[in-house]
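Each of the next two complexes has chain A plus one more chain, namely chain B in the first and chain C in the second.
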Partner chain A sequence: MSIMGTRVVRVEDPRLLTTGAVYTEDLRDPRLTGALHLTFVRAPMAHARILSIQTADALAFPGVVAVLTAADLGMEPMPPAMPMFTQTMTTSLLATDTVRFVGDAVAVVVTETAYQGQDAADHVHVEYDHLPALIDLREAASDAVLLYPQAGTNTVFAMGPAELDPELFAGCEVVVTQEIVNQRVAAAPLEGRAAAATIEDGRLIMWVSTQAAQDAKGAICRWLGIEPETLRVITPDVGGGFGAKIGADPDHAVVGAVARHLGRPVRWTETRSENMVAMTHGRGQLNTVTIGGKRDGTVLAYRLEILQDAGAQPRIGAVLPALTTLMAPAVYAFPKVEVKARSVVTTTTPTAAYRGAGRPEATHAIERGLDLFAAEIGMDPGEVRRTNLLPAFTEPHTTATGAVYDTGDYAVALDKALAASDYPALRAEQERRRAAGEEKLLGIGLSVYVEITGQAPASEIADVELRPDGSARVLTGTSPHGQGHATAWAMLVSEETGVPMDRITVEHGDTDLIPVGGGTFGSRSLQQGGAAVRQATRELVELARQRAADLLEANPDDIVVDTARAGVHVAGSPDAGVSFAELAAKEPLQVHTTFTSPGPTFPFGAHVAVVEVDVRTGKARLERLIAVDDAGTILNPLLAEGQRHGGYAQGVAQALIEEVRYDPEGNPETSTLATYPFLGITDVPSFEPVDMATPTPYNTLGAKGVGEAGTIGATPAVHNAVIDAVAHLGVRHIDMPTTPMRVWSALRAAEAAS
Partner chain B sequence: MQVTTTVNGEARTDEVEDRLLLVHYLRDVRGLRATNVGCDTTSCGACTVLLDGESVKSCTVLAVQADGREVSTVEGLAAADGTLHPVQAAFRQEHGLQCGFCTPGMVMACVSLLKDNPRPTEHEVRDGLEGNFCRCTGYHNIVRAVLVASGQDPK
Partner chain C sequence: MIPAPFSYVRADSVDHVLSLLVEHGDEAKVLAGGQSLLPILKMRLARPEVVVDISRLSELAYVRVEGDEVAIGAATRHREVVDSADLQRDVPLLPYVASLVGDRQVRHRGTFGGSLVHGDPAADLPAAVLALGATFVIQGPAGRREVPAPEFFQDYFQTAVGEDELLLEIRVPRVPGVGWAYEKFTRRANDWAIVAVAAVDNRVALANMSMTPMRAVAVEAALAGGASAAQAAQAAAEGTSPVTDMHADEEYRGHLARVLTERALVTAAGR
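Up next, the complex of A and B:
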């Protein structure tokens, strides 16, 4: 019986539930025996020139082996890795002369124990000359204060037309415009960043908590100026990443630099308070949407102006507007779409990918914008969406911004979500509460989304070996950190070969073993890594059939797979067979292959959120989230639903609760888990996922990505629901997170205006 | 200072620094590294263990405070033959864990919750686990796992 599409529990779990995983901090590898502990000394202010660094006091503390600065380690400013960024915005691994955000790394203290590092780090005395903070995005865009004076601009990256089209909204009966904040949030994986390093036979060996070892290796080599063959990166268990652990950070490279400098093993695990200021943040866009159309609900033109907060350094965050731009046309047949984007530096933690990375922002902007348009013309939000949706298509569809959607049936997704939520009944209940003057109002919010998954890289490797002892080993270029690849990839191999799942091991994340691999991000793993595993397994079975034909003196065409024996036999004579193990005993049975997708895939769906808003306090509570997410054919519903649930929660968190905040001087106000409103278990209900599966033709699994769908769909649906609850009181828009204070203030403002 | 504790049934005396946190004692002195540290403000619950049967955040307890007391961690939960404890089994069955970082603390918190309330409602499960953060699961399957572990049908 096929296990494809069935709920297979994870092979990973018994270990994680009994002895626990082995995260970087848990490593007791003999090569790390006696490892020193590294503690960063970080800037306590947003922007300053470094006048001097005095290390003598710290050096006198017990257990201190070294206190090192950029000068000690020979670190020089380097241009950003991405060629489209302003190249004169140079940064070094440890600050040389200027710090640009609270948390910027200035020096490291190296000690025998971790506790000693905390003691000594406070006694590295850095003399600073304050420079002005730069928090506001418009002010940053004005270039009045420059973070990199030599660049002459705060703009890292820009795209779109030089001039906006003055005729874009010509002929529109209605035009609405709104500035919409897509606030900065923390990825906050429960395991923060960590690394360990040692020197072995002249090579640097690094263990990094990462989503992509091969990317990490490339980045660290570049930063340290070392050759690829002199570095090996190994990925221990990883406690979540959500995009913020793609590749390596400069801080990881510092760990490697110190191990090289001292010639001794070194380890570093950041504290949570360090994580909240020094791990990259996500989102951080200020979007201006303008929608024009007719009173019958037809949208004629859509403009999106994006101002992205890159934070203090040109990192991945600065390029996110490219994805927001690509996905701006969304699920709609708008005749005209115009997008203009710009990323600027500010004196805040650098931004980078966070679950969705640029696509949630696109969906949020249009879905919030469409509700504003619907409110303006007095039309139901569901109707406005239906009026403008692209019709179903099975041949690739090219959008105004050049995305090529593989397949889509958005109206069905919307209908399913509306039906599953009993939308008319919800509207009736909303009306009843309003009419009765109840204090707990009901809000209903919709979103219809399409996202891009598996965008880059397009290829992934797999290496499958069937062994003489009847076991199988899979090497994958993907890098699971909670997704369950060991289970999913084993299902794929077991399905084709009959090798039992508990005899299949899956390895990842060691650059010596797997020099080429794309890692896990952008919802790429199953559709590329999984597709590669299936391709490798099928090639392997084919190889086995050829070899068995020789052995059994039969025509290869007559050799059929016999999963019951984990081998093959001659068609029609089950006794004339040979197991894969027996074949492997004669000659190694192994295939290494690369799968390349013809293009990225475009999962889609529709969410309905139901919130209750207390008009007295402004408190919004999510009551229900009904979510249709079409990620193509599902391999293991247990894993796919897990991904969806996690995404919903992070989406809800952004809509209602979470925000990274700075005061005007650039001091972080949310730098611990006591001050950052991390979404807890009482903040969400159980979710209501609804199934829909339109296979993609781009891989034999029919699979698209699912890891980020929840976040992309949930945020705008929940956000819209909160505003919908109070719309009849004259509230038009409230920015996220829709905290009680914000909702209450909006209600008071509406009251005053009426 | 000297500390004598029984951890998962095994009694031992160790010489420790006064300020050593219980979680670091368990991890670095006793070598039980399933229990994790997720924060430095007693917020996340990743470090939850049982101290004389009551759940505590072991990042907020000094090792010396465990002197003369019993500590239980997730490593001691399964039967000697490897059979998973009902909470562990339910977490696997319901996919209540992804990256696994919150899991050892979460499982111990659930064990404590079910000891106090053997058949909790969904609402009671959520209330009872308020001090334990998970970034991966959206809590959905953790709630289901607790209901299943208590012999209820989560539907």
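Up next, the complex of A and C:
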């Protein structure tokens, strides 16, 4: 019986729930014996010139081995790694002459024990000359204050037409426009950033909490100016990443630099307060949406103008508008789409990928925009969407922005979501409460989405070995940090070979063992890493059949897989067989392969959110989330649903509550978990996932990515629902997060206007 | 998130605590459940030289019916308040409010007296004991004294407990059958209140509407004058001075105080 598509329980969990994970801080590797502890000295202000750094007082503290600055470590400003960025925006691992955000690393204190570090760090005296903070994106775009004077601009990256098309909305009966904030949020994984480093036989060995060891290695080599063969990166257990742990941060490289400088092992684990200001943030777009069309609901033209907050340094966040641009046309057959994007630096924590990374912003902009258009013409939001959806397709569809969608049937996804929610009944209940003058109003919000997964890299490796003891070992270039790859990859091998699940081990994240690998992000792992494991396993079985044919003196074509014995036999003669273990005993049975996808895949879905808004206090509470997420063929529903549920919670939280905030001077206001709010299990309902599976032809599993679906679909649905609840009172738009005070203020403003 | 260095002493009796407090004065901090003190230490908002741990003084952990009152030991955990059958019967407001303090882990560690003596105007229990008319029993080098609730909360994070004193016990009147309610407005279940209102009969107390928890005297006066719940609640923001923070400005807090007071009074009247 096939285990494909079944709810195989996670093989990772017994260890995680008993002896526990071994995170970077937990490592008791003998190579780290006597490791020193590193504490960063970080800028306490948003923007300043460094006049001097006095380290003498700190050096006198007990346990202090060294206090090091950029000058001590020979760090020089370097241009950004991405060639499309403004190359004169140079930064160094530790600040040389200027700090540009609260949390910018200025120096490091190295101590014998971890607790000695903060005391000494408090006594590294840095003399600053204040410079103006730059928080507002429009002000940043005006270049009135420059973060990098030598660049002459705050723009890191721009794309789209030089001039907007003045005729874009010609012929439209209705044109609506709205500025929509997609606010900055924190990834805040349970395990913050951490690294450990040592020198072994002249090589730098680093343990890094990362989503991609190979990327981390590349980045650290570049920053430290060392050759790839002189660095090995190992990934211990990783307690969440959400995109903010792709590759390595400059702070990780500093740990390596200090180990090389001192010739001793060094470790660093950031505190939560440090994580909240110094790990990259996500989102941070100011979008201007303009939609024009006819009163029958047909949209004729869509314009999206993106202003992305890159934060203080040109990092991944600055390039995300490219993904927002690519996905701007979304699920719709709009005749004309125009997107113009620009990323600017500000005196805030740098931004990078965060669950969805550029695609949630695209979905949010159009889904909020469509509701505004629907409200303007007095049409049901579901009907407006249906009017403009692309028809179902099985041949690739190329969009106005050049995306090539593989397969999709958006109307069915919308229909399923509306049916599962009993949409007409919800509308009737909404009307009843309004008519009765009840205090708890009902809001219903929709979103239909398509996203891009597995975009880059397009290839992934797998190495599968069947061993003489009957076990199997899988090496993968993907990098699990909670997803359950050990379970999923073992299912793929077990299915093809009959090797029991508990005899299959999956290894990842050691650049000596696995020099090439893409890591885990962008919802790529199953469709590329899993596809590679299946390809390797099938190649391995083919190899076994060839060898068995020789052994059994049969035609290879007559050799069939016998999963009951974890081997093969001659067709029609089950007794004339041999196990993989026996074959492996004669000669190693191992295959290393690379799977390359013909292209990225485009999962899609539709969400219906139901919220209750207290019309007197403005507080919105999510009552239901009905979510159709089509990620192609599902290998393990348990794992897929886990990804969906977690994504929903994060997506809902962005709509309702989460926001990284700065005061006008650039001081973070949300740098602890007392001030930065997540939604917990008590704050969300039991989600209602609805299944739909349209396979992709791009891999033999039929799988698309599912890891980011939740944040892409849920945020606009919940956001729309909150506004829908109070739309009849004259409220047109409320920016996220839709906090009680914001909703209350919008209600008061609407009341005053009427 | 790493505290500055401090010495740690585990006290073995109330007298031991008091002698340490006399010895170290404002350089000492009392640790009970640690749910407020430890974050403050880790954020280096406080740098005491000595931390005096009273968490194992079982003589300070009890709930006892004594005449017309229930006496609660200062080091009684929130969970014990939640689970107390005596309190559920005689002072049902307190177990309910205690059930809203933090999350389950916080309620197993944090103490009733610790939350009160911390003097956080946004905390739940101070408003509740104010509405109940509790009495605080405080021990110092000069002996034992009793302080009524309105005099206990003196300023922002400041109570009547002096630096050489220890809160021993909180006495609350038994009010079986009396209407009560607690309306807590938060963004999330486990948060501090943005605004909260406690009502016991016609006594109303507000959380987070001033530098201290406070009685809504204008509301109480209106009720005494025969006003309806809705009418009286309109006076809920009178005399308040709430802060403006990222959750709410002064005007919104005033509005919430009015709405929550009305709801609390209606609920209390229905019990």
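Assume the second predicted complex is superposed on the first by the 754 of 754 C-alpha atoms of A that agree within 3 Å, B and C clash if a C-alpha of one lies under 4 Å from a C-alpha of the other, contacts with A are read in each partner's own complex, and residues count from 1 in each chain.
As a convention for this text, contacts are C-beta pairs under 8 Å (C-beta built on N, C-alpha and C of every residue); 3 or more make two chains touch, one makes a residue touch a chain.
Computed from a prediction, not measured in an experiment: that's the story for all the values here.
**Q** Touching A:63, do we find chain B (first), chain C (second), both, or neither?
**A** neither
**Q** Using the touch criterion from the header, give the chain among chain B and chain C with more contacted residues in chain A.
**A** Partner with more touched residues of chain A: B.
**Q** Using the superposition on chain A described above, determine whether A:14 touches chain B (first), chain C (second), both, or neither.
**A** After superposition on chain A, A:14 lies in contact with chain B alone.
**Q** Which partner does A:498 reach: the first (chain B), the second (chain C), both, or neither?
**A** In the superposition, A:498 touches no partner, neither chain B nor chain C.
**Q** So, A:228: does it touch chain B (first), chain C (second), both, or neither?
**A** The answer is neither, since A:228 touches no partner chain.
**Q** Which partner chains sit in contact with A:599 here, chain B, chain C, both or neither? Use first/second/both/neither.
**A** neither
**Q** First (chain B), second (chain C), both or neither: which does A:744 touch?
**A** second
**Q** In the overlaid three-chain picture, which partner chain does A:188 touch, first (chain B) or second (chain C), both, or neither?
**A** first
**Q** Is A:674 touching the first partner chain B, the second partner chain C, both, or neither of them?
**A** both
**Q** Does the superposition put A:481 against chain B (first), chain C (second), both, or neither?
**A** A:481: touches chain B, not chain C.
**Q** After overlaying the two complexes on chain A, where does the chain B footprint on chain A coincide with the chain C footprint?
**A** 115, 271-273, 672, 674, 678, 680, 682
**Q** Under the touch definition given earlier, write down the residues of chain C that touch chain A in their complex.
**A** 1-2, 4-5, 39, 43-44, 103, 185, 187-191, 194, 246-249, 252, 255-256, 259
**Q** Which residues of chain A touch chain C once you look at their complex with the stated criterion?
**A** Residue positions touching the partner: 114-115, 117-119, 271-274, 616-617, 619, 657, 661, 669-670, 672, 674-675, 677-680, 682-683, 739-741, 744-745.
**Q** What residues of chain A sit close enough to touch chain B in their complex?
**A** That would be residues 9-10, 12-14, 16-23, 25-26, 115, 188-191, 237-240, 242, 271-273, 481-484, 638-639, 641-642, 645-650, 672-674, 678, 680-682, 684, 686-687, 710 of chain A.
**Q** Considering only the defined contacts, which chain B positions touch chain A in the complex?
**A** That would be residues 17, 19, 27, 33-44, 46, 74-75, 77-78, 82, 84, 88, 91-93, 95, 97-104, 107, 122, 126-127, 129-130, 132-144 of chain B.
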